[in-house]
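Note that the chains take the letters A, B, C and D in the order they are written out, and that residue 1 is the start of every chain.
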């Protein structure tokens, strides 16, 4: 009889404490920002989420895996794995292939100035006005390819971005012999 | 007053091999058939060409103007016709092509008009800096940093010591040694000129003990205002931080510049070129280079900039042999190149042909710590190696990767023969690239957020307008309904009155 | 007093709970990725374990034995752990601000950790007095954090090592833990408990 | 044909050093000690060394083949030979051949190649192998031959061979031949409440330390001096190690001189001298930062003394080395030297 009483007291004490404890700790939101800071911010949606912030939330709540971001590629996956202490996995091919950075290019003589691509561009990298010429600002463009689809006359093509006039290859040692 | 010398940490004693080329006088090389002048011969943004193909240019004429503050113009090394502006192989560690201007010399070497100024000592510093910038003077020690930028810093801050760096610690290279022996006047007067410009309290010309003739040559011309110091031979004493520590005992703060501790340093070649630019109005179009190693007649040459390396090597009897390596610069910090097509540019100081170069395979690191002992920047090369392999950028920053001066001492002593400097270069490039993409990503986020705010604001404004219109209709409607109600009430009241009368009648 | 230090020493080094594989190994494995995470957990353990050990002793001697309720031992112990963890989580702010910020995140993890319950049960086995159980608690916490910090620093190095592919990741960590336990065997027989 | 990548990059000159040269220098330094051990303890030591080196090279070749590494490059870097020699010098000369094989197998396979071959291992392979064998077969580890002139019975070369290959029962007077080491002997005597003074005059003790082992220790010092001269090892490590052990045993000695041996004896017995110059200075498993090396070495000295006095095993050096190997990443993490141009408190 006393045993039951004791267990009851413990249970009540724990219940009281449980409902008065704090909800999501501030720690949680700060981490989401830190995850978001690692993503390439192309807002391209290739990871299946409408933009980088939603993808960061999904990662935080374990709904999304850390290898769904082709623009970020191996580098972002490694950084996310280090931050969250998870296994480094190769990029998931379902979401696309990792390739060199691409920049949109509007072919001036076909463009009819319909402003559809300006609306589609998530980072306002296309300058232009209705019925006037549109051009892509190369520094601002993140290569998310969202402007290619809405263009009625298909005048936007994705070109490989050449840095400072010469293509810098990272891993090329001077002469690799066998 | 003899200056109390210190010694810098780490460093190596390596065989100098200088006697091969420093005894013979320098030869002025004949004109090559092609002059190839890359637009990027200095640290900073590349120059922009102002000539068109087919145009005739004179010697010393500006053919590409500087773009931006940290940039210098390019001059035609000889008179001739511009035959092409395009991509040619340039002395670059990755062996890539870059835009260059190609001149076909016409042989008569006619000078463009030059404006020498006599009183180089009392010239006002601002004008001096302008002349040096126009003459395209860069640090000839190997870095290629525009000299006018360093000068400007010197003018704006109080400078305690001006050091003219004549220490040539790289083996085989003796071009500074020959320059001092053949033109000591240029160097001493150049030093006085720069000292006048930056108002330095002391001025020191530093040499090494293995350059006695150069010491003697300078000794005669120096009265008492400039100190001439001979330092014990030690590699890499020619490095900026190491020489400052050796001469003054002060350490340049990590990540900082010598100007932060009141010191300005110029190479002897830069001082001489500056003096020539001011007093004889000649821009930087030629320089001393050493051709040494396994060539029949290793010596120093006075070479016009843009002369293909092959042409210089042929002057010293070079034949192609199997298993030979061509290195631009010294054996410790020089660049291995596959061919000799690239031209001599402002920062090339030596062409080395050798077959005894390091090509053993790489063994894993056994953490022996020999590299940490010899590192002049007192870093931990073995930890940097492990973190560079793990691509752990923030650890690399913590371990001061960017303080590494790539002198090669660590790879020299590594028993596992690891090319550590190559790992650090690659890691530095990756970190730079990474930071570039990160800043790009941040900018993209700002744009995305501001775009969303703008869209939200516009949507808000739209439905506010709709609301406002409806309210105005609202108010008209209200008044309209009100009026209608009154009318009906009035009419009803009217109808009631006659009704009452009818009641009475019945 | 020497008794106190002897027990503390033996709990930390001689029969260290992770090394002898009794309890607490699996949560330690989960936290070996990054140094700041590991130090956070160690701090929490240093705060929580002595409290839990002492609470276990008090409850056992004053509550369960007099009322012959020792069959309820396990249930009551688990509830005391939860109680203490929640109390700490709520009121550690008043204890000291900086410590609270560090350990607050880890408290739930530490609460459900096998080491905590293991401590209370081992306490009974060794039939410690009040002072002994306190020493046992602190000693075990020290031993736990010693092995955890050693392994976290080692993991950073193991990830770069050219480990053959089947052994990359967890297997090589477990092998290292085995070798460390082999080294700790040197302490065996140090203090005849 | 080496399939390793050859990168040609800026420092084109290279000092005449290689891993092979470092390891061969260590082997040369070991030779005087081995010869003296053979002189004092009979041919057993030499047989063990040869067996160990044979097994080590065989297993190393097998592992390199399995890991598809180029045999030409890695097999001849000598690190396996050094591990084998150190292992053979720790175990008793009478250990059976299969125990030797198991120890070397554990050292080379698990302690070295599972971590990724030379340079990647966290624990000193020789010590890991020795501790493994010590824990599994303590019996064989305690049967040591008697030094040269302590007893008249000496196992001839053939007898030693048969003991090693067919086990101790093959020789009738095995107990007469073998006895405990000085450390084990003193520990058992002290636990039996004997006074140090009585222990000193037992035949095992020579002028200032174990009968044979004092000269062998001097041979290790000679080998160590050669390594210091060749700049293979840094002087701080042996000096601080021997210093720590000396100071601690001095404190014990002052505390109670009839239980603890004098510091000089302590230094010249057991594995202290061998460890000081060859085991703790193993570059791969030691700490790399200059200050970290001192902490690493003092730690080993401390732990060795603690285990030696209170532990169950006579010689604590092997355990101490493994424990500090585990702590090396932590030490490296927190002992970063000041960088050129960094503010003093930076």
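Definition applied: contacts are C-beta pairs under 8 Å (C-beta built on N, C-alpha and C of every residue); 3 or more make two chains touch, one makes a residue touch a chain.
None of these values were measured; they are calculated from a predicted model.
Participant: Any chance you could name the chains that touch chain B and chain C both?
Facilitator: Chains in contact with chain B as well as chain C: A, D.
Participant: Looking at C-alpha means, what's the farthest chain from chain A?
Facilitator: D
Participant: Which interface, named by its two chains, has the most contact pairs?
Facilitator: Maximum number of inter-chain contact pairs occurs for B-D.
Participant: Let me have the rounded angstrom distance from the C-alpha centre of chain C over to the C-alpha centre of chain D, please.
Facilitator: 34
Participant: Distance-wise, how many Å sit between the C-alpha centres of chain A and chain C, to the nearest whole number?
Facilitator: 39
Participant: Roughly how many whole angstrom separate the Cα centroids of chain B and chain D?
Facilitator: A distance of 52 Å separates the two centres.
Participant: What's the distance between the Cα centroids of chain A and chain D, rounded to whole Å?
Facilitator: Spacing between the chain centres: roughly 54 Å.
Participant: Give me the residues of chain C that touch two or more other chains.
Facilitator: Residues 157, 162 of chain C each touch two or more of the other chains.
Participant: Indicate the residues of chain D shared as contacts by at least two other chains.
Facilitator: Residue numbers touching two or more other chains: 5-9, 116-117, 120, 332.
Participant: Which positions in chain A are in touch with at least two other chains?
Facilitator: 82, 173-175, 177
Participant: Residues of chain A touching chain C in their complex?
Facilitator: Chain A residues touching chain C: 2-3, 6-7, 10-11, 13-14, 17-18, 20-21, 25, 27, 82, 85, 87.
Participant: For the complex, give me every residue of chain D touching chain B.
Facilitator: 2, 4-15, 17-19, 21-22, 73-74, 77, 79, 116-120, 234, 283-284, 286, 288-290, 293, 332, 336-343, 346
Participant: Using the touch definition up top, name the residues of chain B that touch chain C in the complex.
Facilitator: Those in contact with chain C are residues 364, 386-387, 389-390.
Participant: Which residues of chain A touch chain B once you look at their complex with the stated criterion?
Facilitator: Touch list, chain A to chain B: 36-37, 39-43, 51-52, 75, 78, 82, 122-125, 139-140, 142, 165-175, 177.
Participant: What residues on chain C touch chain D, complex-wise?
Facilitator: Result: residues 35, 149-150, 153-154, 156-158, 161-164, 167, 172, 175-176, 179-180, 182-191 of chain C touch chain D.
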